[in-house]
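Have a look at the structure below, then the notes.
Labels run A, B, C and D following the written order; every chain starts at residue 1.
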Amino acid sequence: MFFASDNGLGASDKVMQAIVAANGGARLGYGNDDGTKKVERMLSDLFERDVGVYMVITGSAANGLALSTLTPPWGLVLCHEESHVIEDECCGPEFFTGGAKLVGIAGPGAKFSAAALETALARLPKRVPHNAPAHALSITQSTEYGLVYSVDEVKALTAIAKAKGLNVHMDGARFANAVASLGCSPAEVTWKAGVDVLSFGTTKGGGLACEAMVFFDPAKGSDMVRRRMRGGHLLSKHRFLAAQMEAFIGDGHWLELAGHANAMASRLAAGLAAVPGVKVPFTPQANGVFPILPKPMEAALKAAGAVFYPWSDKSLPAGVTVGADETIVRLITSFATKADDVDRFIATAAKAATPLAAE
Amino acid sequence: MFFASDNGLGASDKVMQAIVAANGGARLGYGNDDGTKKVERMLSDLFERDVGVYMVITGSAANGLALSTLTPPWGLVLCHEESHVIEDECCGPEFFTGGAKLVGIAGPGAKFSAAALETALARLPKRVPHNAPAHALSITQSTEYGLVYSVDEVKALTAIAKAKGLNVHMDGARFANAVASLGCSPAEVTWKAGVDVLSFGTTKGGGLACEAMVFFDPAKGSDMVRRRMRGGHLLSKHRFLAAQMEAFIGDGHWLELAGHANAMASRLAAGLAAVPGVKVPFTPQANGVFPILPKPMEAALKAAGAVFYPWSDKSLPAGVTVGADETIVRLITSFATKADDVDRFIATAAKAATPLAAE
Amino acid sequence: MFFASDNGLGASDKVMQAIVAANGGARLGYGNDDGTKKVERMLSDLFERDVGVYMVITGSAANGLALSTLTPPWGLVLCHEESHVIEDECCGPEFFTGGAKLVGIAGPGAKFSAAALETALARLPKRVPHNAPAHALSITQSTEYGLVYSVDEVKALTAIAKAKGLNVHMDGARFANAVASLGCSPAEVTWKAGVDVLSFGTTKGGGLACEAMVFFDPAKGSDMVRRRMRGGHLLSKHRFLAAQMEAFIGDGHWLELAGHANAMASRLAAGLAAVPGVKVPFTPQANGVFPILPKPMEAALKAAGAVFYPWSDKSLPAGVTVGADETIVRLITSFATKADDVDRFIATAAKAATPLAAE
Amino acid sequence: MFFASDNGLGASDKVMQAIVAANGGARLGYGNDDGTKKVERMLSDLFERDVGVYMVITGSAANGLALSTLTPPWGLVLCHEESHVIEDECCGPEFFTGGAKLVGIAGPGAKFSAAALETALARLPKRVPHNAPAHALSITQSTEYGLVYSVDEVKALTAIAKAKGLNVHMDGARFANAVASLGCSPAEVTWKAGVDVLSFGTTKGGGLACEAMVFFDPAKGSDMVRRRMRGGHLLSKHRFLAAQMEAFIGDGHWLELAGHANAMASRLAAGLAAVPGVKVPFTPQANGVFPILPKPMEAALKAAGAVFYPWSDKSLPAGVTVGADETIVRLITSFATKADDVDRFIATAAKAATPLAAE
């Protein structure tokens, strides 16, 4: 019953086999191998246009490096106040951008609305040269709370951003989960919806360690080859990044894996919602469930061997609160989550709930 | 006949098997897995003292991050003028340190002597606060030209450094080759010889992508957990770094691999030295040979399918020059280099040499 | 009727005379002159302990440089959400600290309470190493809205900060106004109340361009001599900074100037409060008044030659709002503000108010 | 007998009077005053084209900020190995550029030749993306050793730079001395000779603290307003910078002051050259003399009250050496140097020389 994170389950078999298969023979390093070139073509096909591709090994690197091309060191990057870039990268974006400032916008489920973005932009002070000007918008797709922006929601956000001259980044550490959830094409929810650069993750979705920055206008990424090297993020044995990505996006593998993870989250949420005493504030659209549990139930689940983390209550929907005897927790499903584990988790919760419900 | 680099041959079978074996089941991410803890103990055993260990995926990351703990942003780092840190990391050390300055010292074979270090330190201007003060020394072991500092040479350098209050870094991207060459213990040529932090490489030696910063005083690395995260260098599926390192250092695998690579370089150098018209300026101590070839011979080798790069003539021994009709090239052997390829390379060179010699 | 800023009126006569007087003869540069040494002693006397003094020419430089000694590049600095450091320095603190993140706390009058600080600290996520840890607190004294923290209020804030291991910075661009307002000793409201470093401003108070970083533990500022040089902030003709500071703090000049500015603000606020249709949300404790004016009155004042800026309504007290026909403006008085101008401003407002009141 | 530096003598009377005169009345801050606008026009006139002007208070700030517009953080800046930017700004250029690397070129008198530049560029390694690419050239005019590049020499250097796509910076902390020495127009030796940005100093020449970045293509400086603010280098009471610059460049004051300083250096050099035992390796073209003195003579001069510093022997002409009983010293003359002091210095040296000559 491992729901701690989608990075806890290793790589998918197909990805691992591809890594092993890539191991024979001599190849040029630093991305000059044929595998890397092939992956670049595959991603161009996937996104239905020529894209610039730069692979690295963490989402934080992809995000920080991508943002560094979208803002000068004195710019503002608007993002959700609980987004990974502002909260979970230990000032990485500030490091890579040379000191840009991230500005958090509130919203339930780590999503913010077009109206919230508009208000945030309107309320920024704009005295020149004292106030740092807004230069970029970062949207997390799917969000840190397992929600997904619809294509129209992305378009609404980017329209506002573009009208103000902002560049748009999409943090897609769980992009696969979003696309699987939306059922749209990858192009539709990215460049066709106004996104300039995507951090396209494989790691949480079933890769070993591989994240691609995808520049929809390749010219905008032209200095990334230098930035990546300077950040110590250019893998010499680059074939192994290419192998992961090829296996991940080939034959729809990524969407199968993500579809499974999403289904497990829905199953988990539905099961938990039926347990007395459990609140499920968000209907999951991707692979995360954030239930509010009675504390004894949380303890019972941990005692039964479930692994998961407590979470923040900052981005709950209006009116939902965490009581003194409750905890909000994060349950992340993955490509490797078993339905049995989901069901056992629900059953354990239900059993722990009975005495409560009896009261 | 692939002599382009030691990063062109993938990972050793043992390392790859360890990666595959690490793939089952759920584990906590970000270095909280048992494998990582085990590797930390193994490295402490290997170095005969408690060490602080931080693994990343490139040598440039290990070097830059390590240096950032040894100098403030306004400090000088002395190193060889053709060292990797000053020349091959696209200003990475400047990025990680926040703007420190690398000062190059000359010396044949990318080695510098104690006397050269002393002179360099003496000639630094020392007006306060105008001149940036020296804070660190970086020694490459083995060097970019396939040479090795003896234990006494390292001690002589660090003694000078310590007397001036400098911290000492060792770039050990090819540390295995140096230890295999010296036949000493890893402790002897590092902390016992005055080194504070080692970038301990596996990638060039047979890993997939794994380099450990080893802090001989663990307290000095205490903020590395933040620095590594901020640089986007903390792998979530950290078990795969641990698996590589465990396989690499377990049962002397690393020294076997390095010993083979070194032997192949010696074989190559000896063979080439006997070819008329070829100069071999340095007797290899590690896994690199830097012969000066007649240009037609270079062409013949390339035509025969040999892969290698031209190199710089900046660090040649006094009196050795590259003639107008000659090229200096770099030949790197690796754990996977075959003796047949070495011999074929020599034979091809010899064949190309015959007409020259006949003249 | 110039109320645009306290930097619009040049230097006080005494300060200017000191600059002129400092112009004769040869002196060593870069702070090695006797005048600088004298000022260091004077500031130690003023603050009743040995302090480390580093003078620069802007408050932004003093703030950024001071903060760079209080937090690593991956730390959080808590401050008011409308403070100068977070809003008006164009990402200067991020630049000087190498990428630290400023976290804004709300509160009326650009002041925040101990409770607000406590809540902000409690709500920071604390997962290691993802979440950047809090390292410093920055208090603005007097605030951007003309309010002053009492000695007890400062103590309450620093007690919370110290309990969490935070260093404390005080942005004292208008420190003189605060001390004049409180009637306490400079020591009482700084180091005796838990402040580690003060940005002590003269520029807004009557200097030409001189701000001192005052380190209450001189050892904590020991690398400032390098940081200041590296930032291009070490004046060669340093005697002119010393001359300003000596004139400013000598014979209580600074408190006389500040006392006058404060009195003019009180006079202005009292006068405006009596004008029908004008709201004065804060009773000024320093040299700023932030009235909410009917728009026609604002226009009438501008037409009469008054110079002032519109301001933000973000930090208004609960319940106070700016109506659709109103504007909130900032009126700053200074050492050079004339009572006549104040009275003329009030009279002009009153005249513009009459028809409104008549309605 | 003060020859320690040209920043030891305060400001010229005319400059100081202008500062005093600028002190009356209210003006908008941060460069929005009429004086600043006037100075911008005056500099455009002086340089015979529309220029972008950004004033700051130190040469280090002007240099670092200017360079930050000419290179990305991963670029190389070529300069003399004893230039101020590489040696005397405590890693300031690295700070402002975000980590660019300065590459020193040797040459007597802190001047380098076109051939030396060409060789330096040719010898840079150019493997992409490992080696940082050259992005800028910085020329110091006049040099740290009192020499001046002729217009043709500047043209030859910038032609090489431009052919390689490099931007060109001129460090003109002593630009006045160079122009006075060359007798050319300011335009001729800057943009007409291929310079993109000039750090135009007044401080060493007779200002109090004022250096202007002059962008010959104003568009290239368009983000300087942000960079300067972020660096804490935007003076609020900007009128005082404008006053200095107006006084300095108005009516040829700057060239009169520089002409005097240059003349004093020539007088000093000529006098010293005639003293037995003194070597004068460079005939001064600007305001510095770098004689090699017998140590007893140096002591005698100090005993007589002369103030000066020992200097480096790194950039001496071929064949000139400093003997074991000798010292090379730096003597800087200024706008305020008196001929009497020069003559007394020479006489003191001559007197100290007599017994030596007698041997």
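Everything below uses one rule, namely that contacts are C-beta pairs under 8 Å (C-beta built on N, C-alpha and C of every residue); 3 or more make two chains touch, one makes a residue touch a chain.
The structure presented is a predicted model; accordingly, all values stated were derived computationally and were not measured.
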item	value
Minimum number of chain-to-chain touching steps separating chain B from chain D	1
Of all other chains, the one whose Cα centre sits farthest from chain C	B
Same-residue or different-residue interface between chain A and chain C, half as cut-off	same
Pair joined by more contacting C-beta pairs (B-C or C-D)	C-D
Rounded Å distance between chain C and chain D, as computed from the means of their C-alpha atoms	36
Whole-Å separation of chain centres (CA-atom averages), chain A against chain C	41
Rounded Å distance between chain B and chain C, as computed from the means of their C-alpha atoms	52
Two or more partner chains touched - positions in chain A	73-74, 89-91, 95, 98-99, 129-130, 132, 226, 229-230, 234
Touching residues (chain side chain C, partner chain D) in the complex	2, 4-5, 7-11, 16, 19-20, 22-29, 56-58, 60-65, 89-92, 95-96, 203-204, 208-209, 226, 229-237, 239-240, 307, 336
Of chain B, residues touching chain D in the complex	73-75, 87-91, 94-95, 98-102, 123, 125, 127, 129-132, 312, 314
Residues of chain B defined as touching chain C within the complex	30, 72-74, 98-99, 128-130, 132-133, 223, 225-230, 234
